[in-house]
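Before anything else, here is the set of structures, which you'll find just below.
Next come two complexes, and both contain chain A; in the first it sits with chain B, in the second with chain C.
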Partner chain A sequence: MLDADFFRRWMAATAASVEREAERLTALDSPIGDADHGSNLLRGFRAVSAALEKEDPRTPGAILVLAGRQLISTVGGASGPLYGTLLRRTGKALGDAAEVDEAQLTAALRTGVEAVMALGGAAPGDKTMIDALSPAVDALDAGFGAARAAAEEGALATVPLQARKGRASYLGERSIGHQDPGATSSALLIAALAEANGE
Partner chain B sequence: MRMLINVPETVVADALRGLAAAHPELVVDVENRVIVRRDAPVDGKVALVSGGGSGHEPLHGGFVGPGMLSAACPGEVFTSPVPDQMVRAAAAVDSGAGVLFIVKNYTGDVLNFDMAAELAEDEGIQVAKVLVNDDVAVTDSLYTAGRRGTGATLFVEKIAGAAAEEGQPLERVEAVARQVNESSRSFGVALSACTTYAKGSPTFDLPSGELELGIGIHGEPGRERRPMMTSGEIADFAVNAVLEDMPPRNPVLVLVNGMGATPLLELYGFNAEVQRVLGERGVAVAHTLVGNYVTSLDMAGASVTLCQVDEELLRLWNAPVRTAGLRWGM
Partner chain C sequence: MSEDKLVGIVLVSHSAEVAASVAELAKGLAGGAASVPVAPAGGTEGGGLGTSSELIAAAAASVDRGAGVAVLTDLGSAVLTVKALLAEGDELPEGTELVDAPFVEGAVAAVVTASTGADLAAVRAAAEEAYTYRKV
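Take a look at the complex of A and B:
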């Protein structure tokens, strides 16, 4: 079973990997975006860490809802509402249970990813976060390690794609050949899930 | 790259403190990042709220004041502001007559303003939204995030602001804003990339002797790169791109807009070429504005925006305005 501590570790591991990878995310955002994805997420996850410490929510759902709200209130751009909605909707789907099992988390994450698709209008193959998140949720039944591998593979697979959503889409064919920064940060979020599970 | 800043993290807050010091007619909430005209809320009048990433100054904060915006929400550099800012701005300026959100069409701006509109309505504020999407360089809107909002934002904010100042009701102000957007088209070129503070180096690599055609205002590269062209050749390309998309029937307002690092001397020279092309194409010019209004940090280059105006829009354009960035008649 996954308890509140697990979800706290997940958010902490995500914040730590965003700290580590911020420069790389910003560099990926430079040729096909506006060179700030890393610094924006850094601001957001620092706020998440501070809020979790201050408000000390006690259930998995409450932790993710609070984290999502912080991202919406601090990140801005498209990634604030999108990542904020992902965590908020996943958290709401978990309800107020003190512990959840992996199947419940998978179902809740699927709800969260669907909410992101509805909000941003992106489908798989559009060169967005969805290209990492969607295969990761599909692979979650096989464990956190499998989900991490699927997300990383999904992020890498955005390289040859032409962007159809977000700022990279303005480049048309010139967006081809670059890894999508949003898919890359989504892979970090999923990798942190495995890390929280000690994998 | 040498920049006149303290540290990248405080660039926006520092600028807001400076704006407040220079413009006592504005209320600048540095912590919550909201710029409000001091006499807001104005009784019985519709309020206009806009916002977007910083780095486009004087847009939007420089357009707050009588005859234009009621409030602006500056985000981080090139990053949409957050819903909390927009709701705070709406609450500060709503007189009960409603608030019009003017939103440039970028995924982040649209998502955050949508969330803010919902939250503001929960607080009992009547909200209408108008999207600005005038950039003809983005052609295929089925496979992109749609056309970007660029230079036409100035026309929308000025003309809708005049309608609101006259006391027109929300649905009229919204209709005017929509008409201005639908009557406007833009095309921009970059002679250099810009440097964001987060990255500290140019956002894209543009070899000397080349230029980017069809750029946006966020340091994103354009659709096409070509060997350097003369001011006259660029004017031909840009004006024709606009006219191809919007064959003119009425006289136009012309905005020859600098991207931030191109000297006014060059912008005026470019304007002469723009006027030449318009003359050759038989387009009547009602009024021309030349300067840095919708910028992209230190990018060199320019954009051309044409807005077709009927008598009513022209009357509203000429109405008095008093803001940090645009001022006449009062």
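Take a look at the complex of A and C:
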């Protein structure tokens, strides 16, 4: 079973990997975006860490709802409402249980990913976060390690795609050949899930 | 709809200057619209380019007279932030709606319509109709 500590470890591992990878995320965002993805997520996950420490929510659902709310209010770019909605909707789907099993987390994450798709209007293949998140959720039945591999593979597979959503879509064919920053940070989020599970 | 309960208008842009200028432009072009509550929510709290949910929530609260609030946005994270706030939370006043309209033309149409005491549906329709005005 996954308890509140697991979800705290997940958020902490995500924050730590955003600290490590912020420069790379911003570099990926330079040719096809506005070069702020790393710094935006850094601000967002620092706020998540601070809020979790201050408010000390006690259930998996409450932890993710609080984290999502922080991202929406502090990031300042499109990744704020997108990641915020992902975590908030996933948290709401977990309800107020003190512990959840992996199947419940998988179902809740699927609800979260669907909410992100509805919010941004993106589908798989549009060169967005969804290209990492969607295969990761599909692979979760086979474990966190499989989800991490699927997310990383999905992020790499955005390189040859032409962007169809967001600012990168204005570049048309010139967006081809670059790895999507959002899919890359989504792979970090899923890798942190495996890390929280000790994998 | 009585004159003392006007629809509020919030203008969300990535830029504080754009949001404030469009608010000023819309009120100026709307003539007797001085009474319409219009609030800009532009840029980040730090004054940079971006979107701030806190500025949006504060702007919406400041123009809420109980007749609803119409929110117009420019693009990208401005649209997504308002949608995320509407979909999930309780940060915006009841009766707040995101209006699908061109930012400048829609703002003018919304402010003029709101100044007549029209309800939120009429304000939204007027702003959306601005898309149909062709320039060529």
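Basically, the second predicted complex is superposed on the first by the 199 of 199 C-alpha atoms of A that agree within 3 Å, B and C clash if a C-alpha of one lies under 4 Å from a C-alpha of the other, contacts with A are read in each partner's own complex, and residues count from 1 in each chain.
Just so it is clear, contacts are C-beta pairs under 8 Å (C-beta built on N, C-alpha and C of every residue); 3 or more make two chains touch, one makes a residue touch a chain.
Just so it is clear, the model here is predicted, and its values are computed rather than measured.
Asks: State whether chain B and chain C clash or fit side by side on chain A once the two structures are superposed.
Replies: With chain A as the common anchor, chain B and chain C collide in the superposed model.
Asks: What's your read, chain B or chain C touching more residues of chain A?
Replies: B
Asks: Contact-wise, after the overlay, does A:R24 reach chain B, chain C, both or neither (first, second, both, neither)?
Replies: In the superposition, A:R24 contacts neither chain B nor chain C.
Asks: Once chain A of both complexes is superposed, is A:R46 in touch with chain B (first), chain C (second), both, or neither?
Replies: neither
Asks: Is A:R174 touching anything from chain B or chain C once the two structures are fitted on A? First, second, both or neither.
Replies: First partner only.
Asks: Classify the contacts of A:R88 with the two partner chains as first (chain B alone), second (chain C alone), both, or neither.
Replies: second
Asks: Report for A:R110: first if it touches chain B alone, second if chain C alone, otherwise both or neither.
Replies: After superposing on A, A:R110 lies clear of both chain B and chain C.
Asks: Per the contact definition in the header, classify A:R164: touching chain B only (first), chain C only (second), both, or neither.
Replies: The first partner, chain B, only.
Asks: Is A:A35 touching the first partner chain B, the second partner chain C, both, or neither of them?
Replies: It touches chain B, and chain C stays clear.
Asks: Touching chain B in one complex and chain C in the other: list those residues of chain A.
Replies: Dual-contact residues (chain A): 36, 40, 72-73, 76-78, 80-82, 119-120, 166-167.
Asks: Quick check on the complex: what are the chain C residues that touch chain A?
Replies: Going through chain C, the ones touching chain A are 44, 48, 50-54, 76-77, 80-81, 83-85, 87-89.
Asks: Hey, which residues of chain A end up touching chain C in the complex?
Replies: 36, 40, 68-69, 72-73, 76-78, 80-82, 84-85, 88-89, 92, 115, 119-120, 166-167
Asks: So in the complex, which bits of chain A are touching chain B?
Replies: Residue list for chain A touching chain B: 26-27, 30-36, 38-40, 43, 72-82, 119-120, 162, 164-167, 169-172, 174.
Asks: Per the contact definition, I'd like the list of chain B residues that touch chain A in the complex.
Replies: Touch list, chain B to chain A: 8, 53, 75-84, 106-108, 111-112, 115, 137-138, 140, 143-145, 148, 196, 198-199, 203-204, 216, 218-221, 223.
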